[in-house]
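The same subunit A turns up in both complexes below, where it pairs with subunit B and then with subunit C.
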Partner chain A sequence: MQQHFSLDTSIVLIALTLSVPVIVIVGFLFVPATEVWHHLADTVLVDYISNSLLLMIGVAIGTFILGVTSAWLTAMCNFPGRKIFEWALLLPLAMPAYIIAYTYTGMLDYAGPVQTAIRAVTNWGYGDYWFPEIRSLEGAALMLSLVLYPYVYLLTRAAFLNQSLCVLDVSRTLGNNTWQTFLRVALPLARPAIAAGLTLALMETLADFGTVEYFGVQTFTTGIFRTWFGLDDVAAAAQLAGILLLFVITLIIIERYQRRQARYHHTSQRHQALKRIKLHGANRFAAFSFCFTLLSLGFLLPVSQLITWLFTASEELFDNRYFSLVQHSLTLAAITAFLALVIAVLLSYGRRISPNKVTKIAVGIAGMGYAIPGAVIAIGVMIPFSTFDNWLDSFLVAQFGVSSGLVLGGTIFTLIFAYLVRFLAMSLQTVDTGLLRIKTSMDEAAQSMGLTPLQTVKRVHIPMLTGSLFTALLLVFVDVLKELPATLILRPFNFNTLAVRAYELASDERLADAAPAALTIVAIGIIPVILLSYSITRSRHEHKA
Partner chain B sequence: MFKKTLISLLLLGMATPAFSAEVNLYSARKENLIKPLLDRFTEESGISVNLITAKADTLLKRLQIEGKNSPADILITTDASRLHRAKKSGLTQRIDSVILTKSVPNSFRDSDEHWVGLSLRARPIMYVKSKVKPEELSSYEELANEKWKGRICIRSSNNIYNQSLVSSMIANNGAAATETWAKSLVGNFARSPKGGDRDQIKAAAAGQCDIAIANTYYLAGMINSKDESQKEAASKVAVFWPNQADRGAHVNISGAAVLAAAKNKENAIKLLEFLVSDEAQEWYAAKNGEYPVRSGIAASDTLRSLGEFKKDNLQLDKLGILNPEAVRLMDRAGWK
Partner chain C sequence: MSTKLNVNQISINYREKTAVEGVSFTLEAGRIGCLLGPSGCGKTTILRAISGFEPVRKGNIVLGDRSVSDSNFTMPSQERRVGMVFQDFALYPHLTVEKNVQFGLNKWSKHDRKERAASLLKLVKLEDFSQRYPHELSGGQQQRVALIRAMAPKPDILLMDEPFSSMDTELRHTLAAEVRSILKQENITTLLVTHDQSEAFAMADDIGVMENSRLVQWGSAKELYFEPKNPFVAKFIGKSTLLKASYKGNGMVESPLGLTKVKYMTPITPISLMQVRPQDVVISLDSDIKATITSALYLGHEYLYTLKLTDDQTLLCVASSNSNYKENDQVGIKLISSNLISYGV
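Right, the complex of A and B next:
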């Protein structure tokens, strides 16, 4: 009992600490609405709401179709190139959304090479032909789907691979064909994984600023920035952020409610060698084309555009400052990924071992940061930290006549804390999904054998969870590598990262000059992505043995 | 091992060498558009410069939150409105420098000497040479005329340069007239606003519109680009300097303020004085196509090719004062 109590307390404490920035922002909700709020309601609020909703629906549909289809194909079917696609389909993860948006605009815009070629061949002018407008709501949904589907793919594929063959066999003996098995058994069983992947993708969508801003789509996030800075009204901006949070909470509650009491772990550990479905003829070709097109659109094409820029148009080349940029990016990503993993495991377990309301809510709030734009999080972090700094300073001056200045503000610590607030959801979701697959009866069995919860974790869970833990680690690593707004605002003096460099040039409309830094981010991001897929494949092999 | 790394990193982050000659700079100018100048300053003066770059809005927030213990001495922004906002929030202090008051014209300095312009950014009309004769153009106001229906490209009203342009219109013509103007202007847009300033120029060059409104340094960047397609697009448009018969073309500044919390005030002023020196002023023009804030500095060849023009001499703190009003006005006009 004692153990439970201290575990509960420490979980609530950790979760609370990480919730502080979110709570600070939500706190503004209680500041009385100003007249700016009426202005917003009269003019642009409806646009913000409908655009954000449409964008979310678009990305949900896009990532679902792309992610689940590719997961099923690579997990269950055999077709040429499958082994390569298994890991290659994760590559778009390494591509920041705003970079892919820039490259596609470069390619498909009216003044870009594709349309210019069309006009050269046909002699058409402006208005003579129809061409899809990439810088639109639909375009933004497409861009975001192309880089966010890997979350759904990753988690769903792992779920498919972990599904006991028995279940699938039973389905077939009950007379379901492959397609029916997929729809009636495999898909519903993979639901927690799909939901987790979709939630990540949608939260990332809501927080996106770079893509929608560049495409001129007015969403909640652009609205927050505009209200905060253009209209100079913090309270109204925070109230918009509060509504954004309500969106997310509703989303999560709907998903949890629908899942309700269902349990998704398997009762058999008999994982036989998977008999992949051999595809023939047209199906074989279709499977290959689907995966290849996806990979091309999400990765090969934008990367080749970046490479072209690098060689033809870039005026900034790799110089000695690059080394420190790479070093900074790597250090931040590694430390954050590790800390996020440790915290996620703690919180996830807390919720499992003592599933009471307090821990649930605390952990829930701690995972909320992912949907909040990085710059808003950064401010939510700065306010309490600086308050502490200034309090400490005044205290020391009053007591000892020494000034401490800013102790936390402007340090790496602040930055990493902000990353944790923002990306904890990522590791939390992944660890949770992994834990859901472990039966509670196993915990009970372990307990009846006299193992303490900690021992259960060590001897039973960790071996079964390695894949999920590794995934959590790498996902956060890649995300921190790409992170921009919080890094920009919180970093210490003379401290730049690759993302900062890429952004500074791109936002100066020097897209081509951003290519070296953007390519370096992608290149570094590829390494964990490959490790990731290797670990998933390996964990599957271990199950077999 | 991990703990050690973390601790050393934390120390690294905190280690601000408080005893050496230094000045701490929060800059909205991008690193590559300021660092070379700072390095030159350090070479000449022996004062080292610590730099953080970010968007002006976020730097302002950071300053506000850090309060009196903020390590920053100088804030550099790329528009006047944000400097005004910094002053209004009580973040800045009076700069006493004869060199600065002498070299920088009144209208490009704060009326209470809280901030000073360092370079000028002009936002003229650009037209497609094959479709528009310069005689057809006259002023920003005239772009509301129906004859421009479906022919104008300009970026989103989220952009500060548009917010400043509209603020300057309000200052000159009043809010009611400006709102009518904005509504008609939006009606003349060739497309819903998207992309940056270069995108407007490219769209005009490609035939999507006949007129683009953009800052000149973007055009200068395209003219000098290594990328042939950008060069070609730039060659299709020309600059028209509007309102030459009356107030002059709209200009904004990139400027700097000395912060109230500054611990290295003397060094900060030294740096600002360096930034208006001949050497620095010529560098802005050559490297980023901005106009010198001081008269009598040689503009770069590219800038000279865009022609001489009369500048709007509006006291620039007006841009900041009127900014929130401009944003609302654009919202009401349906300027996305």
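Right, the complex of A and C next:
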């Protein structure tokens, strides 16, 4: 009992610590507005809200069309290349939105290969023709859709594959053709999965900073930056972050509500695997073209462009500077991934050993950071840390006449803490899933065969968990590597990472010079995508067995 | 014969509720015992207390000559020498069948380990599957691996929690017979838990019926069938109906079926219940006791009729598959059994 009590207390303490940024931001919603805030409210706030909403609508439509269509085609139909597309369509997940954004800008601007080719073919000159402006709100929605549709694709495809042939056959016997069956049965049945996928995509959209900033679209995240760095108003920045947080919370509530409304997705006890529709002629070609175009736009083209830039970059590519970036990024990612794993194992085991409401809620709180945009977390970390620094400094000056300077603010520690708040969920969820596979009866079986708890951990838990622990490390590692907004706000002075450098060079219109850093991020980002598609294939096979 | 398991007046709380109250029974070496009862009656909790996963609030448990549980002491499971077969088998997915069987033998020499696993695998005819992983086996095969894994360290007693609940009916019956013969062959004292009467009858020498945290009767299958101690056991075992009757003295009760000699379980009360099984009653057209057929279920080898008596009580009755009564037919019935039992209310 005593042991459980101290375990519960530690879990609650960890959860409280990790929820400090959110508490701070929510707290600021109740702080009286400053002059800057009034100014923001009079001038740009409406833009922030309307742009964020329009962007969300655009991304929702884009990811829905791209994600559901590709999921339907690869799950239900047979056409050339389907087996490759099944996993390849996940590849855009490896591409951070800000990287695809500046790659497309490079490809589509006046001096880029597309317009140059048009001019070469038509002999037109500058101003002779109209060309869509990619650096716009519509462009941002398109860029985000191209890299975020895999969330919808992944979950919807799984939902389609889990649908039993029986329910689809019933629809056919009742007189619906394939297309009607899709619209009237398969699509509504997949609704909870589609909603979950859209929610993930929209959360990423709200969190995005790099794309909208680069395209000059004013949203909450860019507003937070401007207010923090440009107007130097902490409270107003925190209040903007607070409103952004309300958007995220609304999104989560809508998704939960949706899920509750739609508890009908398992209708048949008997599961019969789907028989794929064999496509012929024009349909076959159309299916292939759709998937191939999607893969090209979301991954192949931007990667080819980045590789092309490698050869045209003005700087020496892989110089000391590059390696110091890699070193910074890898160090941050490795430390965060390791700490997140340790905390996740502690929380997950804690809840297993002492399963009660308190630990359940605490672990839930510790894992909610993933829904919160990096910029919000960064502001929520910065404020209490600098307050502490100021307090400590004035205390030391008053007592001992020495100044402590910055102890927490502007250090790697601050940055890692923010990463932990944001990415612990990845680790936690992976460890949880792994631990769930070890049923209580397995522990008890080991014990009844004479094993002590420690021996059980060694002979049952560790071998069964190794895969999950490794995956947890990897997921956080890659996410930290790709993270941009929190790193920009919290990084120590003159401390650059791959993501920050790629963003800075791209902002200075040195697109080609940004290619090495960007490609490195994409290359490392592919690893978890491969792992993901492998684990999906494996679980399908195990399911069949 | 020596006593292997002695459960003495134990009470167990589970999540602050009383799950088991004052339960006592003993199991002799080599016998197969079974706790039978509806779900939530506390039978699995007793099993978990014997295996050391639940502490007892009152009473004690003695395994062989060692007291393993009382209100102040719970010997850790790993020191008890009990083998446990779990409802979900709890096979380790990361280990082969052979390694699963050897799991509890880490103190044995490598040679002995291999030999023990090989002989057990042979016993359950799985010698060709030793290098497979659990997910590559059928449900029945997994069950047998779980059984021999628990048997491998030669435990003092084997405990089985709803061992066949995940199987379909046919497999359940074959496996029950197979497992019983293995346990008898190896002379392993076993206690199992089930809610399925046919499973209990097929497997066990001694059966305890549980109701609401209490053990209501402990005895052989025949004793339970022919001499159920209370109305709950009477209804739970076999398809009996309990007819309202009144006690007339001298072991006689009067019911809609007439004045009948019964064995009366104490306490005697004026208003009584008389247990009538389907085979205790026959349709006899010249009988004065009339009933209406409310449903006729054709079972192939016989008919099972549901009858409504003149006072609206219902009764079950079996008849030959040649009989051909329909719903709403009026028939005469009479009692043919001499082993009827009555209970006070």
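Please note the rule applied: the second predicted complex is superposed on the first by the 321 of 545 C-alpha atoms of A that agree within 3 Å, B and C clash if a C-alpha of one lies under 4 Å from a C-alpha of the other, contacts with A are read in each partner's own complex, and residues count from 1 in each chain.
We take it that a residue touches a chain if its C-beta (ideal position, glycine included) is under 8 Å from a C-beta of that chain, and two chains touch if they have at least 3 such contacts.
Fair warning: this is a prediction, and the values are worked out from it, not measured in the lab.
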First (subunit B), second (subunit C), both or neither touched by A:R226: first
Which superposed partner A:M464 touches (first subunit B, second subunit C, both, neither): second
Touch count on subunit A, higher of subunit B and subunit C: B
Which superposed partner A:Y104 touches (first subunit B, second subunit C, both, neither): neither
Which superposed partner A:F64 touches (first subunit B, second subunit C, both, neither): neither
Subunit B versus subunit C as contact partner of A:Y419, first or second or both or neither: neither
Touched partner set for A:E444, first subunit B, second subunit C, both or neither: second
On subunit A, positions contacted by subunit B and by subunit C: none
In the complex with subunit B, residue positions of subunit A that touch it: 39, 43-44, 105, 109-111, 113, 115-116, 125-126, 135, 213-216, 218, 222, 225-226, 228-232, 312-316, 331, 335, 338, 375, 378-379, 382-383, 386, 389-390, 393, 403, 405-407, 409-413, 485, 488-496, 500-501, 504-505, 507-510, 512
Parts of subunit B lying in touch with subunit A, wherever the complex brings them together: 2, 5-6, 9-10, 12-14, 16, 24, 30-33, 50-55, 57-59, 61-62, 65-71, 85, 155-156, 158, 160, 163, 192-199, 202-203, 205-208, 218, 221, 225-227, 229-230, 233, 323-324, 327-328, 331-332, 336
Complex contact set, residues of subunit A against subunit C: 437, 439, 441-442, 444-452, 459-460, 463-464, 542, 545
Subunit A contact footprint on subunit C (complex, rising order): 51-53, 76-84, 86-88, 90, 92-94, 103-104, 106-107, 135-136, 149-150, 152-153, 155, 159
